[in-house]
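Shared between the two complexes below is chain A, which has chain B as its partner in the first and chain C in the second.
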Partner chain A sequence: MNWLSDEAIARLRSAGAEPDLAGTRYRLIERIASGGMGSVYLAEDAMLGRRVAIKILDVPDSSGDLAARLQREAHILASLEHPGIVPVHDAGTLADGRVFYAMKFVEGERLDRFSERASPLPSRLRIFQRICDTVAFAHTRGVLHRDLKPENIMTGPFGEVLVMDWGVARILRANRISTPAETVHDQACEGPGGFAAGSLRTAPKTAHGAVLGTPGYMAPEQARGDVEHLDERADIYSLGAMLQFLIAASFRSTQTTPRVLTAIARKAMDTDPAGRYASASELGHEIARYLDGLPVRAYPENALQKIARWVARYRLAIVLVLTYLVVRALLIFWFRR
Partner chain B sequence: MKEDTTIGGPSGRFPATCWSAVVAARSDDPRERSRALDAILAAYWKPIYKYLRIRWNKSNEDAKDVTQEFLAQLIEKEYLSDFDPAKARLRTFLRVCVDHFVANQTKAVNRLKRGGDVLHVALDFECAEAEFARAKSHLTVSASAESFDEYLEREFVRNLFTLALTDLRSFCEARSKLRHFRLFERYDLDDSDTSRPSYAELAQEFGIAVTDVTNHLAFARREFRRIALEKLREMTCSEAEFRREARALLGVESA
Partner chain C sequence: MNKITYGLILGGILGIFDGFTSWFTPAVRPQLMGIVLGSTFKGLLAGVLIGIFARKVHSLGLGVLFGLGVGLLFAFFIAYMQRNYYVQIMVPGGLVGLIVGYATQKYGDSSTASASLT
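== the complex of A and B ==
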């Protein structure tokens, strides 16, 4: 065999890495991201003439764990139809044996990068509310995300907020709410298709028996590997950590952060799951109350604080009333003189 | 195609996809151990030879001797039994072993020539030297352990891809698909032209349709990937290590 130049090696690497899309409706454009278990490629759907993102396993795994995880992720995404969750278009196995799924190509910015730019706190909190709404929806469908962090949130140019990367999500069997849509989903899992059937049914445990998640955003019980007892409150903890990140990104180290927001984040991140918010909706509502200048559960106020908040909330009305009273008093004083 | 070594035997010798030469090298079964060592030597002898040339400034003849002596000791003294994949990559472990070996060898005044009866594989040093000479003009290796690790890594990949290509050629020949290999060679390996040929040019050159070029190349790339990853798997101890190494080999590490 002739000597391989560095250029030839680079081409061989590329030839080995690129997915074999022969026989599919997709034409490869470029790789756009690589994660823990696979890469995401930008491709063109030749049939519909639109761009899609295709997530594909990078390397084969003899255990089948990664393939099962990717399949499970596709099934979960397909079952969660929500504006905050990227829709799946297609799934299957490529000619080279790698499993894949195609989804909507989201052009946007990751929340961690978005937060590097100066943007007002209320707009960041509104993004956070939408994340809470999406997570709350997933929870009502019995799905835990388990890896919520700013890197897994995409913000679109038209205000879209999408929760991405459901690769380590877990189905909570006991908490699942049976809906007609879910029945369809269950049937899809059992029937023949691009993926091996039933991957959702056999996936209550974390793959590899390993701790999955991201330090700093992972609930203590998740970090301990207490997989069997995880519930929605593990995601609430991650949401709290994300709120803390957004607060920190909004204020310089020398500035004092709003105590109420800090209290909300702390409550969401309570080491005892029972001390956290019971649901993501509750956390989202708490943020909404903060934005509306209403009292929040996480921060009991004394009388002075209540007055201060009341004044802050009705500032304009108070100024108008006071202005009216002062003008009236001046007029009375003037005419009596 | 001329094979530059007979190490490792014919292609496809390891039917099991999960076979790990590194694990098998510590097996109690001598046949299994021997087969494993052959696989490891096939993957590493050239990188080690070139490493000796570049890192230790060994002459062609000295590098040959040291390579053979080191490989003989690797087998005889069972160096690999000390290898712990949790602590280092196999390449780094072998580099440290080579460094120790050379340092100790330099100290020895009268060293015993050995290797002939222990190392039962033929090493084509002329080929390795020609490769080394060809690449030498492009080499920029600074004197640090990291840069030598990188050099060894690069040479390991070059050698692994070369072995995979040799196997791919045999695989294609056995299935009467040599044209697939020729196309792959022309499109992905040939450095003689300044620009790569287009699929249409290849179709004209080989007298086939453009769609056949696409399909033949897809086939060859798919099989190349499979063979290269199988060879890599032999050099790893666990599934996690294999995935890590495979992602590095294919250049798809997390970004």
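== the complex of A and C ==
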């Protein structure tokens, strides 16, 4: 008798786990990522002739909890209509009872990979501003992301910036979104809200259990599992950590990082939530002020620093006026001789 | 502040300054006030033209070039009327145009709506 190899068994298991999309308008192409409760597949929408990403529960859910979670995630995503959030196209149940939702397939690069390439700091900061805008929008809708990190940000080839993976999102104010329950249960919720091929294959995994999030990007109160008292400022902390990551990725260890940016990141990451920026848009505005050469709240300047910033901002104008004065003076003295 | 107002103010200020520097030329000192007025008017007019150009054309290089051209042209007219001091008038005049051209491209609001709303 011939025994099947482990590899063959794994292949059979994988084939068996593949969802049967018969009866839907989608044709399965490949699995692109997997999470705690579901996997994301690349599929073709036969009706519209486009590629989509489909998130499907790995197994039929007899209790209905996981199905409810996935539906809820789809509801959250669908309610957050914003250029920075992946749109949901469709949701439903497969013939085998597994719940799914289809979303835009995002082709691009994760922010952590994008940061590995040499790109100027201002362009990275502009991406960061876009992330702040998206998160601020979600906050106004009463949704907390809770897992913001470079691995969950996609940058597209045409300047798109998308905040992904809303799988552990929490609804702060239930009246803003018409989903059935008030909060997402803080258990075993790991997975993407939308993916590009391979986007999560090598990403650090989101922690399971009562404490959700990613170490290093998680606010202290979130790490303590203080779920009831979490608010927008937990995401502000994660944004600060992401800003710190972008700053570090822009400068070699021997180079000095801009103090103002470091101060902004430090304020966003204050251990006391009250010490952080009050909103994501406030943090975004602070970055805009830095890019425009204006003073920022996080870094009180002395007189010398104010002058240095002013000179840096109007450098060329100052050079032109000085050139004018020098030429004027030279002409006066030349023709008086 | 919109680009035209920006050009007007900057052109006017630099024009006044430009006019007053004629004090260092003793031969023209008696006509100082006339020169200052003429220079200011020249600066204001050049500033408005450069500001209008900056609102229409968003290009630092073209803006600077246009400013330089307008500054030189106006300064040439003044010098031609004087039949003298071509270098003393045209070089600073061209520089003033260049500075206003640069400043109106770089700074100032290009929309007219913002000016009327604020």
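Rule of thumb we're sticking to: the second predicted complex is superposed on the first by the 283 of 337 C-alpha atoms of A that agree within 3 Å, B and C clash if a C-alpha of one lies under 4 Å from a C-alpha of the other, contacts with A are read in each partner's own complex, and residues count from 1 in each chain.
Heads up, the rule we're going with is that contacts are C-beta pairs under 8 Å (C-beta built on N, C-alpha and C of every residue); 3 or more make two chains touch, one makes a residue touch a chain.
Quick caveat: nothing in here was measured; it's all calculated off a predicted structure.
Using the contact criterion defined above for the overlaid structures, shared-chain residue A:Leu48 touches neither chain B nor chain C, since it reaches no partner. Once the two complexes are laid over each other on the shared chain, residue contacts for A:Arg328 go to chain C alone; chain B is not touched.
Measured by the number of chain A residues touched, the leading partner among chain B and chain C is B. Look at A:Leu316: by the touch rule set out above, it reaches chain C but stays clear of chain B.
Of the two partner chains, chain B is the only one touched by A:Ser5; chain C is not. In the superposed model, A:Leu294 lies in contact with neither chain B nor chain C.
Judged by the touch definition given at the top, the superposed model places A:Ala308 against neither chain B nor chain C. Touch criterion not met for A:Ala278: it reaches neither chain B nor chain C. Residues 14, 18, 21, 24-25, 87-88, 91-92, 95-96, 98-99, 102-103, 106 of chain C are the ones that touch chain A when the two sit in their complex.
Remark: chain A residues 1-9, 11-18, 20, 22, 31, 33-36, 39, 58-63, 66, 95-96 touch chain B in the complex. Contact residues of chain A toward chain C in the complex are 316-317, 320-321, 323-324, 327-328, 331-332, 335-336. Of all the residues in chain B, the ones that touch chain A in their complex are 1-4, 17-18, 130-131, 134-135, 138, 154, 157-158, 161-162, 165-166, 169, 188-189, 191, 214-215, 218, 221-222, 224-226, 228-229, 239, 242-243, 246-247, 249-255.
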